[in-house]
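Given below, in the form of C-alpha cells, are the structures.
Across the two complexes that follow, chain A remains constant while its partner is chain B and subsequently chain C.
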Partner chain A sequence: MLDAEARVRGAVRYAVDLELPDMLIAKVLRSSIPHGRIIRLDASEAETTPGVAAVLTAADFDQPGGPSLMYGANIPDQPVVARDRVNYVGEPVAVVAAQDNASAETALAAVRVEYEEETAVYDPLEASAKGAPALHADHPDNRFVHGKLRQGDVQAGFDAADELIEETFTSPLAQQASLEPHTAVAQWTDGMLNVWTGAQAPYTVRGVLAEIFGIPPEGVRIIVPNLGGGYGGKGHVRIEPLVAAVAWKATGRPVRLTLSRAEEFVTVTKHAAVITIKTGVKRDGTLTARQVTLYWGAGAYADASPGLIRASVPRSVGPYRIPAVRVDAYGIYTNLPPAAAYRGAMSSQCTWAYESHTDTIARRLGMDPLEFRRQNMLRSGEQYCTGETMHDVHFVECLEAAVEGLGWKEPLDRGAGPVRHGRGMAVMLKSSIARSKSECRLVLDTDGILTVYTSTVEMGQGAHTALAQIAAEAVALPLAHVRVVGPDTAITPYDATTSASRSTNMMGTAVLDAAGRLKDRLRQIAAPILEVEAEALSVERGEIFDDSEPESRMSYGEALERSGLDSIEVTGMHATQGGLDPETGQGVATPHWHQGAGACEVEVDIETGKVRVLRFHAASFAGRVVNPSLARLQNDGNVIFGMGPALLEEMVFDQGQLLNPNLSDYMLPSLSDAPEEMGSRLLESSAGEFHGIGEMTLPPVAPAIANAVFDAVGVRIRELPITAERVLRALKGGEGG
Partner chain B sequence: MIEFRVNGEVHALDADPARPLLEVLRDELGLRSVREGCGIGVCGACAILVDGRAISSCLTLAGQAEGMDILTVEGLSEEGALHPVQQAYLDRAAFQCAYCTPGFILATVALLKEAPSPDEATVRAHLAGNLCRCGSYRNILEAVRAAASG
Partner chain C sequence: MTVDFLRPTSIPEVIEALTGAGDEGKLIAGGTALALMLRHRLIVPSILISLDRVEGLSGIWSSAHEIRIGAMTRLREVEISAEVRSAFPALAAACGEVGNMRVRNQGTLGGNLAEADYASDPPTILLALGALLRAVSTAGERLIPVADFFQGFYTTALAQDEILAEVIIPRGSATTRMAYTKYRSRSSEDRPCAAVAAVANLNDGICTDLHLAVGAACEVPRRLAEVEALAEARALTEKLIHEIADGYAEAIETLEDLRGSSWYRTEMIRVFVRRALVEVRSGRR
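And then the complex of A and B:
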C-alpha cells in the first residue's frame, strides 16, 4: 500500500484521531424501550449542567430556519432524534455537546424521559403477519418494499419436475464490527457545514445533510480520512445528522461524536433474513423452476434497505440455468436497530440459502455436488433470470479453482472416533450497482507529479493504492510520482459510494478515461514545440516523443513549462445505465457480475457439535488484477470475515434488548479460528476489465461450511450461525438432509 | 501527580487516576497508535508493552501506571529505523485498515521476547487476543514467522 510504512508505525490517522481547537464532545441519550410513546422529555436540567454547550432534542427541529427532523435517502421515515415515539432500544432521543466526557455524561443523566411502552415486534415474519403492531402509520403491514422477479412459467416448471425440494434458511442480525467505531466531527462556519467523518459514501452524506438543514449541497463539505474498517457499516448515512445537528445548536464550535462499542451495536446491523427456496429438478439434474421468497428484517427505519432489498432479488437465485423463476423479496420494519449493507450485502444471506439448497438437491438426486453444479452453472452468453445476457462469467472456473486448491478429487480421511471430517463447496453471483457514476480529476504539474482527486474512500482495501497504480500505468509515470487526494467534497468530484466492490471497476475506469484525456492534452501542447502533428506523438515512460524522430523528446514537466502552464487538469468519468423493471425484475441488474467460490474441509466433533474449519480455498474472478498482494488480502479477508457470521456471530435479543453488545459475548474470528491452510486464486480474463473483488469469496463461506458439515456428519443446518449447540441438537435429533 | 515512563521519556501528569490509561496516552500524550476497539480488553487494539508484556491500556487505570515503563509503537523504532517486527509486517503486507496493527506488532514483540522461535500453535494462542476484522491473519502469521527467523 502507498502508506504501508505509516501503517506499521501507527501513524495513519482515522476519524477517531481528529482534534480541532475548542472541540466539544457529544454523547447520545438512547431509548431504553423497544417501542412506545415518549410522554415526557425534559432537558432543562441537562442544559444547565456545567460544561454543557448544547442539548439537542426533537423540539429543536422544524422551526423557521432550522433543520428538518425527518430524513432518509430512500424513504424519509427516520427522525434525527425521536420526537413522540421510539422504535428500538438504542434509538437516539437527545444529544449533548459538552466540554469533556464527564460533563456530557452528567448532562445525559440529567435528561428526564418517560415512556409508555407498546407491543413490539422483532421477527420479520411476525411483523408482516396480520394484526402485528405497525411501526409506521403509512405502512400498516410493516412492509415497505416488495421486490419482484417474474421469468417463465414457474408452475409449469414445477409440474414438469421429477423432484420438488423446498427449504427455509435463516440468518440473524449481525455486526459489521469495524474496530474503529463510527466517528464524526461537525463544525458550522458562516452558514457552511463542515463534517469530517469515517463514511463510505461522502456524497450521500452531503446530500442528506443538505436536505436536513435546507442548504445547497455545496454548503456542506464532507471530508473522509482513512477508515479503520467499513464493511458496509459506514455506508449510507449513520451518525452524521446527530453530530451536525448538535453542532448547529452549539453555534460555531466543532463537536465530535465517537460511539462506544455498545452504541455501535445499536447503530447499524446486517439484515436478518428468512429465505424460502423451492426448486423443481429432473432426475438427470436439469433444473426446471425456482421460487424464492425472502423476508428481510430491516429494523425500525428504511435507511438503505429499499435499494438493497431490490438488489437482493437478482442476488437470490444463484448462478444457475433455470428456465422459470419467481422471486418475492419483502422489506419488513421491526423494532430493532436499522439494518444496512454488510460486506457481501444481501448475497451472504442469499448464497447461504441457495448454495446449501444446491447441495440438498444434489444429494437428493444422488449426484456429486461438483458435477451437479458444473451441469447447471451459467456460462458466458447465456441468459440470466433477469433476461440479460451474461458476459465474461467464469463461475465454473472459479468453483474449479477453489475445489482444485482443496483437492476435491483426493481421498478424504473422514476421521475416526468423535472427530469426523467433511468437505463442502459453494459458488456465488452478486450484482454490483446497476446505475451509478464515478468521476475523478487528474492534475499533472511541472515536477511531473500526478495527483488523483477522488471521492473513493480508503478503508484498508487499498483502493487508493490501486487507483494510483492504474493512474501511473495509464499516464506512464512511476508510481512514486502519483498522489491520491480525497475524499473531500469541496475538492474531489462526485462518486456514488465506496461499496458493492465497485471502486476499482468504476473509479478505476474513470481514471483510465481521465488518463486518456491527459495524454491527449500532452500531445496537443507538445506538438507545436516538437513541430509535429499531435497524432504522431507517443506518450510513454514520462516522455512525449515522435516515433520517427527518437531524438526529439521531452518530459511532461518540460512540455508544461515550455507551454507556460503550471499544470494540466483533466476530468474523467464512468457511468453505468441499467436497472430492473420493478414488477418483473427484467432488465439489467449490473454492469458486470461478481463471481466467487469457496471449498473447505472441516472437522466436526460429534460429542460437542463443535465445527472447526481446517482448510479453506477461495477463488474470485478479478478480470484484471491490479495489485496481487492486496487482491489476495481481499480474498483472505472475505474468508475470515465470513467465518464470523458462519460460525460465531449473532446479535441475541430478549424483548428487543441486546444481550451481547460487546466483543466478549459477541465473538469475532481470531487467529485461533483461522484455518490451518488457506488458498486464494484470482482469475483473470483476456477482456482485461477491472472486476471488484472486495466481497466475492465471502458469501460462499457459510454454505461451504454447512455443506462440509453435512458431508462429515449427515446433518443439514439451516440456521446461522452454525454453532456447536445447533450441530449437536441436529445430531441428537437425527435430522438429516 | 502520576509519574511514569513512556517510550523512554519520563512524564509527570496531573491526571485523574481513575481515567483509563488509554485516554491519557491518547489525549494527554498524543500517542494515536494506541486505539480503542472494544473497551473491555478483548480486541488488543489498545495494547501497550509494560516491562515487555502486552497489556490492554483500556483496562488499566491511569493511577496504576505510576512507575510503569511503557512502550508504544511510536517508541519501537530506533532513530527512525523500523523495528524488525514492524519491518516483517511491512514486508508481508500483514494489515489492511491497520487499526489493529500497532497492537499486533506489540503483541508479536512480546511473544518473540518470551519465545524467540515459537511454533505456529504458540503464535496463534498468543495472538488470539488481538482481532483483525479485515482478516489479514494469513499474512500476520507469515510476518511473525519472518520476524522470528530474521
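And then the complex of A and C:
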C-alpha cells in the first residue's frame, strides 16, 4: 500500500480522529423496548443541563424551514429520531449535543420517555405469517419487497427429475464489526452543511442530507477521511442525519458523534435469512429445475434492503446450468436493528444455501462433489437464469485452482480417536451493481505530478493504491509521481459507492478513460511544438516523442510549460446500463460476474463438536491483477473474515434485547483461529478487464467448511454459525435438543 | 460524578480506607476487570482504593511446605515463575491462559480471585490444589480455603472491610501429578466453556488423594469429594475414569450462556474430566 508505513506507525488519520475547534459531542438516547408507542417524551430538563447546546427530538422536524423527519433509500419509512413509535431496541429517540461527554450523558439521563409496549416480532417467517404485528401500517404483512425470477417451466423440470431434493438453510443476524466505529462530524456554515464522515457512499449521503434539509445537493459537502474498515456497514447513510440534525439545532458549532461498540450493533447488521432451495436432478447428474425461496429479515426499516434483496435474486441460484428456475425473495420487517450490506452481501447467505445443497445432491447421487460441479458449472457463452449470456466466466478454473491447492485427489488421513478430518469445497457467483457510474478527474502539472481526484473511499482495502497504480501505468509516469485525493464532494467528482467490489473495476476503468484523454491532450499540445501530427506522437515513460525522429522528444512538464499551461485537467467516466425486469428477473444482472471458490480441510472433535479449519485454499477470478500482494491479501482476508459468520458470529437476542453487544461475547475469529495453511490463487484472462476481488472468496467459506464437516463426520449443518454445540447435537442425533 | 482515588501504602491503611468508604468503596488491583465494570456501569463506586502502592503484597515466596503468592502479583509473573512452574506446573499453565499477554501483564492473581468471575482460569486449579487465602480485616487475619471463598457469581467470602492478601498453596509430594484443561467452544481467544483441574498422587499407577475441580461451566468451581473418593487407592482405568467423569457430569448444575447450553456444558464436563484424568495418568507433572 502507498501509505503502508504511515499505517503501521499509526500516522494515518481516520474519521474517528477528527477534532475541530469548539466541537460539541453528541450522544444518542435509544429506545429500550423493541416495539411500542412513545406516550411521553420530555426533553425540557435535558435542555437546561449545564454544558448542553442542543437536544434534538422529533418535535424539531417538519416545521417550516426545518428538516424532514422521514427518509429512506427506496421507501421513506425511517424517522431520523422516533416520533410516536419505536420499532427496535436501540432506535434513536433523542440526540444531545454538549460540550463534553459527561454533560451529554447527564443530559441524556434527564430526557424523560415513557413507552407503551406492543407485541414485537423478530423472526422473518413469523413476521410474514398471518396475524403477525405490523411494524408499518402501509405494509400489513411486513413484506416490503418481493424480488422475482421466472425462467422456464419449473414444474415440468421437477416432473422430469429422478430426484427432488429440498433443504432449508438459515443464517443469523451478524454485525460488520469494523475496527473503527461509525463517526461523523457536522457543521453548518451560512446555510451550508459540511459533514466529515466515515461513509462508503459520500454522494448518497449528500443526496439524502440535501433531501432531509430541503437544500440543493451542492449545499451539502461530504468529506470522507480514511476508514478503519467498512464491510458494507458504512454504506448508504447511517448516523449522518442524526449528527447533521443536532448540529442544525446547535447553530454553527461543529458536532461529533462517535458510536460505542454497543451502539454499532444496533445501528446496522447483516440480514438474517431463511432460504429454502429445491432442486430436480436426473440420475446422471443433469439439473432439471430449481426453486429458491428467500425470507430476508431486514430489521425495522427498509433502508437499502429493497435494492439488496432484488440483487439477491440472481445471486441465489448458483453458477450452474439449470433450464428452469423460479426465485422469490421477500424483504421482511422485524423488530430488530436495520440490516444492510455485509461483505459478500446477500451472496454469503445464498452461497451458504446453494453450495451446501450442491453437496447434498452430489452425495445423494453418489457422485464426487467436484465431478458433479464440473458437470454442471456454467461456461462462457452459456445462458444464465436471467437470460443473459455469460461472458468471461471461469467458475471451473476457479474451483479447480482451489481444490488443486488443497490436493483434492491426494489421499486424506481421516484422523484417529476423537479427531476426524474431512474436506469440502464451494464455488460462488456474485453480481456487482447492474447500473452505476464512476467519474474521476486527473490533473497533470508542470512538475510532472499527476493527481487523481476520486470519490472512491479508502477503507483499508488499498483502493487508492490500486487507482494510483492504474493511473501511473496508463499515463506512463512513475508511481511516485501520482497523488490521490479522496472523497470531498466539493472537489472530487461523482461515484456511486465504494462497495460491491466495484472500485477497481468501475473507478479503475474511469481512470483509464481519463488517462486516454490526458494522453490525447499531451499529443495535441506537443504536436505544434515538435512540428509533428498529433496522431504520430507516442506518450511513454513520461515523454512525448515521434518514433521516427528520436531527437524530438519532451517531458510532460516541458510540453505544458512551452504551451503556457500550468496544468492539464481531464475527466473520465465509466457507466454501466444493466437491470432486471422486476416481474421476471430477466435482463442484465451485472456488468461482469464475480467468481470465487474455496476448498478446505477441517478437523472435527467428535466428543466436543468443535471444528478447526486446518487448510484453506481460495481462488478468485481477477481479470487483470493490479497489485498482486494486495489482491492476495483480499483473498486471505476474505477467508479469515468468512470464518466468523461460518463458525462464530451471531447476534443473540432475548425479546429484542441484544445479549452480546460487545466483542467479548460476540465472537470474531482471532489470528490464532486462522488456518495453518492458506492458499490464494488469482486467475487472470487475456481480455484484461479489472475484476473486483474484495469479496469473492468469502461466500464459499461457510459452505466449504460445512461440506468438509459432512465429509469428516457425516452430519449436515444447515444453520449458521457451525458451532461446536450444533455439531455435537447433530452427531448425537438431536440428543439434549 | 467524581470518584475519589485513594492510594494507601500499607494493609492497615487499606482497611481503614475500606471501612471509611463503606458501600461506596471498591478496591482496585490490576484493574483489568474493574475498569470494564466501571465503563459498563455495572458498578458505580464513589471511592476507588488502589492497591498499587501497598508494600508487601506482591511476590512469590517458596518454602519447604508451601508457596505463597502475594495478591498483587501479576498473572504473568505467576505464569513464568520458575518456583511455580516447578511446584505447580498446572497453576502456571492456568495463569498463562488468562485473557491475553496485555491482560496478564496487568491483571493480578488476587484481583482475579476477588472478582470471582465464573469463567476465569486460576480459581479452578487453586481449588484442586487446596489453596488457602489469607484475608485481613479490622477483626484480624484469617485463612479461607478456596472451597469456601467463592460463594456465587461475582461473590466471595470477603467481608466489606476485608482484603485478600496472599494465596498459600501447600506443596504436594514427589508423586503428585496435575493437569489443567481449558475448553473454548468458540474462538481461541474466548473465555472458557468448561475447565477442569486435576491433582493426584500416582504411585506405581495407584491413585491417592485425587482432587478434581470443575470450573467455568458452573456458578463457582466445584469439587465432589464422594466422586473423588472413587479413585482412592485404585488404578485410573478407562472404566474408572468414565465413572468419575459421569459422576461430575451428573452432579454439577451447569450454567448456560453464549459459550454453550446447560446440556452442552454437562457433556463437556464429561469429556474434559476424562481428558484431564488421562493427562494426569500419563504422568506429566
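Annotations
As a convention for this text, the second predicted complex is superposed on the first by the 733 of 737 C-alpha atoms of A that agree within 3 Å, B and C clash if a C-alpha of one lies under 4 Å from a C-alpha of the other, contacts with A are read in each partner's own complex, and residues count from 1 in each chain.
FYI, a residue touches a chain if its C-beta (ideal position, glycine included) is under 8 Å from a C-beta of that chain, and two chains touch if they have at least 3 such contacts.
This is a predicted model, so every value here is computed, not measured.
Applying the stated contact rule after C-alpha superposition, one finds that A:Ser672 touches each of chain B and chain C.
When both complexes are overlaid on chain A, the residue A:Ala724 reaches chain C alone and has no touch with chain B. By the document's definition of touching, neither partner reaches A:Gly36: not chain B, not chain C. Touch counts on chain A: comparing chain C and chain B, the chain ahead is B. By the document's definition of touching, of the two partners only chain C reaches A:Glu607; chain B does not. In the superposition on chain A, A:Leu648 contacts chain C only, with no contact to chain B. Look at A:Pro241: by the touch rule set out above, it reaches neither chain B nor chain C.
In the superposition on chain A, contact is made by A:Ser664 with both chain B and chain C. In the superposed pair of complexes, A:Leu179 makes contact with chain B only, with no contact to chain C. The intersection of chain A residues touching chain B with those touching chain C, taken from the two complexes, comprises 664, 668-670, 672.
The touching residues of chain B, when paired with chain A in their complex, are 32-40, 42-43, 45, 72-74, 77, 82, 86-87, 89-90, 93, 95-102, 105, 123-125, 127-141. Looking at the complex, you find that chain A touches chain B at residues 1, 4-5, 7-14, 16-17, 177-181, 226-229, 231, 260-261, 459-462, 629-630, 633, 636-641, 662-664, 668-672, 674, 678. Chain contact summary for the complex, chain C toward chain A: residues 183, 185-191, 258, 260-261, 263-264, 267-268, 271. Residues 607-608, 610, 647-648, 652, 659-660, 664-665, 667-670, 672-673, 723-725, 728, 736 of chain A touch chain C in their complex.
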